[in-house]
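Handing you a structure now.
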Amino acid sequence: ADVKIGFIVKQPEEPWFQDEWKFAGQAAKEKGFTVVKIGAEDGEKVQSAIDNLGAQGAQGFIICTPDVKLGPGIVAKAEANQLKLMTVDDRLVSADGKPLEDVPHMGISATKIGETVGQAIVDEIKKRGWDMKNVGAVRVSYDQLPTAVDRVEGAISVLKSAGFPAENIYDAPQAKTDTEAALNAATTVLNKHADVKYWVAFGLNDEAVLGAVRASESVGIPAANVIGVGIGGAESAINEFKKPAATGFFGTVIISPKRHGYETALNMYDWIANDKEPEKLTLTSGSLALRDDYEKVRKDLGIE
Amino acid sequence: MMAFLEFSNISKGYPGVQALANVSFTVEKGAVHGLMGENGAGKSTLIRVLSGDQAADAGNILIDGEEQKYGSVRDAFHAGVIVIHQELQLVPELTVAENLWLGRFPAKGGVIHSKTLIETVRSKLEEIGIDIDPSAKVASLSIGARQMVEIAKAVMLDARVIALDEPTSSLSSRESEILFSLIDRLKAKGTVILYVSHRLDEIFRLCDSLTVLRDGKLAAHHPQIAETTREQIISEMVGREISNVWGWRERPLGGIRLEVNGLSGPRLRHPISFSVRQGEILGFFGLIGAGRSEMARLLYGADARHQGQVTIDGVAVSPNNPKAAINAGMVLCPEDRKFDGIVQGRSIEENIAISSRRHFSPFGILSPRQEAALADRFIAKLRVRTPSRKQDIINLSGGNQQKVILGRWLSEQGIKVLVIDEPTRGIDVGAKSEIYEILYELAAGGMAIVVISSELPEVMGISDRIMVMCQGRVAANVARPDFDERSILTAALPDKNAAGTL
Amino acid sequence: MNSLKKILLGEQGLVVIFAAAFVIVSLFVPNFLTERNMLGLLQSVVTIGIVACTMMFCLASRDFDLSVGSIVAFSGMIAVMVSNATGSIPVGLLAALLCGAVVGFVNGIVIARFRINALITTLATMQIVRGLALIASDGRAVGINDPAFYQLALSRFLTVPTPIWIMLILFILFGFVLNRTVFGKNTLAIGGNPEASRLAGVNVVNMRVWIFALQGLVCGIAGILLASRITSGQPNAATGLELSVISACVLGGVSLAGGRAAMSGVIVGVLIMGIAENVMNLLNIQAFYQYVVRGLILLIAVLLDNLRSSAAGRRG
Amino acid sequence: MNSLKKILLGEQGLVVIFAAAFVIVSLFVPNFLTERNMLGLLQSVVTIGIVACTMMFCLASRDFDLSVGSIVAFSGMIAVMVSNATGSIPVGLLAALLCGAVVGFVNGIVIARFRINALITTLATMQIVRGLALIASDGRAVGINDPAFYQLALSRFLTVPTPIWIMLILFILFGFVLNRTVFGKNTLAIGGNPEASRLAGVNVVNMRVWIFALQGLVCGIAGILLASRITSGQPNAATGLELSVISACVLGGVSLAGGRAAMSGVIVGVLIMGIAENVMNLLNIQAFYQYVVRGLILLIAVLLDNLRSSAAGRRG
């Protein structure tokens, strides 16, 4: 029979998920199966997406869930529709917060990415020879999204253990996850601490950090005094590197949508067509890309 | 006899206006008591205080010797007071029956007993001689029919006191007669009726006693209406004598100004043709629903025409576009001022200048000084009672709103044709004769004027010629020398043999 | 021919147009008209459908409620948290319903008694309640301890899942309330002419408070069912619900100017929204194009309805 | 004493209340009243402020526009993409303005000429336009080739950044248009009573189309400035803008029932929203509590204004 698999993602507008879908599509083309792409922004949409897949005769699906606590519901729904289930990016957990180990997962821990960001910042501070006491950190936060909390907390833990003073870390809460909101929040922080000369910035993703960098520019802090490290590595970050002069956007931690999209789709196909069950847990890692080496990093990760 | 209803030292002020000041009078049981006064004298305010809608600043109301302390319309209703307000208070989306029962639906456990709802209304309407389908939506009724629904509301409930605020202003004479006989019946039951009207004929026909208000104060109280005269009441109201209300005089007529050829529309199926000459006042008379208002709206382009040509001085007026009509020199004062006339939330000044300001607003930029001057001129000319031209029009009394709409069009320039639907609806006697004077003045200047009115004396009093409409057709065309109340009324009555074709 | 025209242009025109569209979709979209897909579709509109019942009353009385999404999320959270804390699901459910009703009641008091604009008030409570939900849960979803809670959504009666039954019951109930009770007629009257209603002795203030409280209670029901379906209380659930629900109502002919509403229309509005989503996914339409298609469907639906009613010669 | 009361209860009461609040905040919130923070605050309200100018007209004429956020994002994208493609920034800007105006025009035509409900229409175009922006960019941010584009937002005149000047100019311009031109008065008249305005010779259909087109154009300006500030065209920008803008207007006393609006009120509304955000960040209030505080500020602001105007005895 024809193989049909679903690929459900939580934020279909985000470039990251566009890429995952693109690579899943590529796998489908190569192996001759069908991928049904559905965006599901909340738990309710996830439920109907799974029903919908069942109705159109899919045999399995991959999901990046809007919330990991949806785990038991997703598992139940998949069973009810007799669909094989795999997760990507974010791992499902049970009611008590323990990972659902039976569900095959490919992803990267949010805390780990955050730690990579923190490390990149610490290294660069040292390289530039700044005294951490004189450096301020903008934590562009979006605390209603658990992943976002894990990421920034990851970065903060590295900073702190490298001796960055905790009282120099300032919270800039975004009202929404776009650049403008980050820009407005960060501007307030920078103006509140007008005496601080050097700044570092981190947040949920590239857009958040970009907002902080734009804020530093608008209040007249020179690019050389700013180190912003984002997460994602899609167009908004690349655009920054392509600018003729270096900006405060120092680098970004690229995670590969290729592996997440292509491999998960392939694994699911093998599971359905050849009854080959995928690994229970595959962890991928993020790679830091800078202005000078981003093209190479992207190539290594299989994206161009 | 003893005083059944007593107002004692009632005062009520609004910002900038003392609407009522120390008003006291009494009404006896079973009496119909008239309430008269100029526009803005405070009649509606007094009625609103009686209805529990607005609290008086000071004073008491006593019914049957008992002091009333009600704080809401509901309380007043339980005290046996029912009020029919000047502005119709119906819910257009509900049916006639539902409107009549609103606020006290027949229900068991919250579930409406729909059979009772319809049937009681049907039999009641039949009993009092109003021919309206109880299950029709109010939105589908004409203003006149809506007014009848309001009246039925008062009659249906057994009230001790009923107040009617200008109930006949949108009724034809035939419907008014139905109302009068209802009032007679209520009176016989001992109900006290407070009756507000600007029509002296009605007051003398109905009332046993009368109070005149002026500037919010009691100007006169007549316990026996027979002991006064029209002239006395008028001078108590307006503070001067008005000898001849109509004041018509001969005028020279010019060439044809407005020509209407085969005009028809969705609610006016039979094409209508007529013409009006320069300086001529053409009156349209007919019963409720005869199609006069629809004719006027088609003429002006307020509704889409099916067919027909309208020309002014030989130039065609494009259909379905009021703005084009104004540019061609035609304006319309609509009959329904609340929905088609006043712009709520805006000042008197803006309501007057809305159209004419284009003449003194270069590049669309206003001239506040000229607008103010214009507003002041027409407030004075039409005696609009208001503390300031900046007053929101919604706060004016009904008659004063009508005057402002008139001011809107009188302030226009280059008008050749004035179509005016029920020009003096709700307007006091003093202002009435002034409005007629203005019409004569405009006609003398060469304007062609079309006046639609349901008041036969008015149409006869001011028109040079009368067209009578009946069921959407022109039934007669009478020149002034041939005016005769009887034949005009006969022409207006539907032919019993012909099928209702509208 | 003439009678066809009559049906199309009659009161139930939207229903007829909808039925026609349904038949076309059934014929041309594979997998659409299967029992599974129909049940899935109905389940996907449970939240919108339930909340639309009372939103209809709210709009019909010329009010507006933007806080429904937050109340659904909040009461879902409360249901889960209280169930977990007390170990008793009924207590949790009661707490959730109570919470929803209280928020709605507060909305009503502020709007009707203090005469604050409904848009601003509910925009404010929308944020306050969402904030409370986030604070209560520290921004994270709360899992359900007792698996019996899932049964609310999973259990079936005559092969149809319970949430769908509940939605159907509420449709019937509120349809009845709107057309046959004093409450319903007063709601329409207030929307049609608040001043006239007040002068006729309808207690407008109380009515409005009741409508909002009811709206809150019904959001509580929707919140409980949602939490059970997604097996957790999520502080971020149901964002944007308000616009979907209001559009469904307006699509179904409820007038934002008040005074006009019909349950049949609202049901059709809800189903149109659900079917559009369902069919796009069945046809595998790309995410970005779905935005465009969704917008076009909305437009076409009201356009058709408008052509119909203007042909029927209603007054603007 | 009496004159104080007069000022507080007068037409400009909201402005006075706002001024008082401003003084209090300045005294008690550290770092608030610094030049840098003031400029930062003003920059943060540029998008809302600019769009509020025309939204005021839209609401005053009893209409409603939910598509503003999408138009801002879309025209920002167009500005960047066309600038990149043609190598000319002026051409890019022109294209963006044109695009905004065209979308607004289409809104206007559908709403005014085909008489479709404004809420539904703009909800539809909101989705369609967002979809188009996503399709055009494949969902990705588009970088700006020519750095001169950044100067739109970065350049300063008398130490004040250009976007703030543009916002101020639009405030003055539209304040003038509202109070001193036939266009403004006609807008208010339509809002007060559309049918009466039509019969008084106002071309209601054309006016409404113009207002929507203008709204689109102004969204184009906001979109360009936003793209320049964030140095890229982002298809996801400005989501939810519509609600913020509408709340700012309503806060500023614009009546949703039409017919009432004042530029001074809208400016105050916009500033209240901006200051609330700014002060909460300065005071380091936690994200979740910010929701609650934002909601409360909205409520208190309208409540105060309401107390004021009901004390002044305006009619409900």
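The first chain written gets the first letter, and so on, giving A, B, C and D; residue counts start at 1 in each chain.
Assume contacts are C-beta pairs under 8 Å (C-beta built on N, C-alpha and C of every residue); 3 or more make two chains touch, one makes a residue touch a chain.
Just so it is clear, the structure is predicted and the values come from calculations on it, not from any experiment.
Just to note, of A-C and B-D, the chains joined by more C-beta pairs in contact are A-C.
Separation between the centroids of subunit C and subunit D, computed from CA atoms only, is 29 Å.
Between the Cα centres of subunit A and subunit B there is a gap of 70 Å.
Distance between chain centres (mean CA atoms), subunit A to subunit C: 34 Å.
Subunit B and subunit D, compared by their mean Cα positions, are separated by 43 Å. Among all residues of subunit B, none touch two or more other chains. Residue positions 134, 139, 287-288, 290 of subunit D are each in touch with at least two other chains. Shown for subunit A are the residues in touch with two or more other chains, namely 13, 143-144. Taken together, the touching pairs give a contact graph of some other shape, not a line, ring, star or complete one.
Taken together, the chains touch in the following pairs: A-C, A-D, B-C, B-D, C-D.
Note for the complex: subunit A touches subunit D at residues 13-15, 18, 141-144, 171-173, 175-176, 178-180, 183-185, 187-192, 194, 207, 210-211, 214, 217-219, 234-236, 238-240, 242-245. Partner subunit D is touched in their complex by these residues of subunit B: 14-15, 300, 302, 322-323, 326, 332, 334, 339-346, 350, 353-355, 357-358, 361, 364-366, 368, 392, 394-395, 408. Only residues 180-183, 185-186, 188-189, 191-193, 195-203, 255, 258-260, 312-313, 315 of subunit D touch subunit B when the two sit together in their complex.
On the subunit C side of its complex with subunit D, the touching residues are 66, 110, 114-117, 119-121, 123-128, 130-132, 134-135, 138-139, 243, 246-247, 250-251, 256, 287-292, 294-296, 298-299, 302-303, 306, 310, 316. If you check the complex, the residues on subunit D that touch subunit A are 30-31, 34, 36-37, 40-41, 43-44, 47, 134, 138-144, 147, 153-154, 161, 226, 229-232, 234-240, 277-278, 281-282, 284, 286-288, 290.
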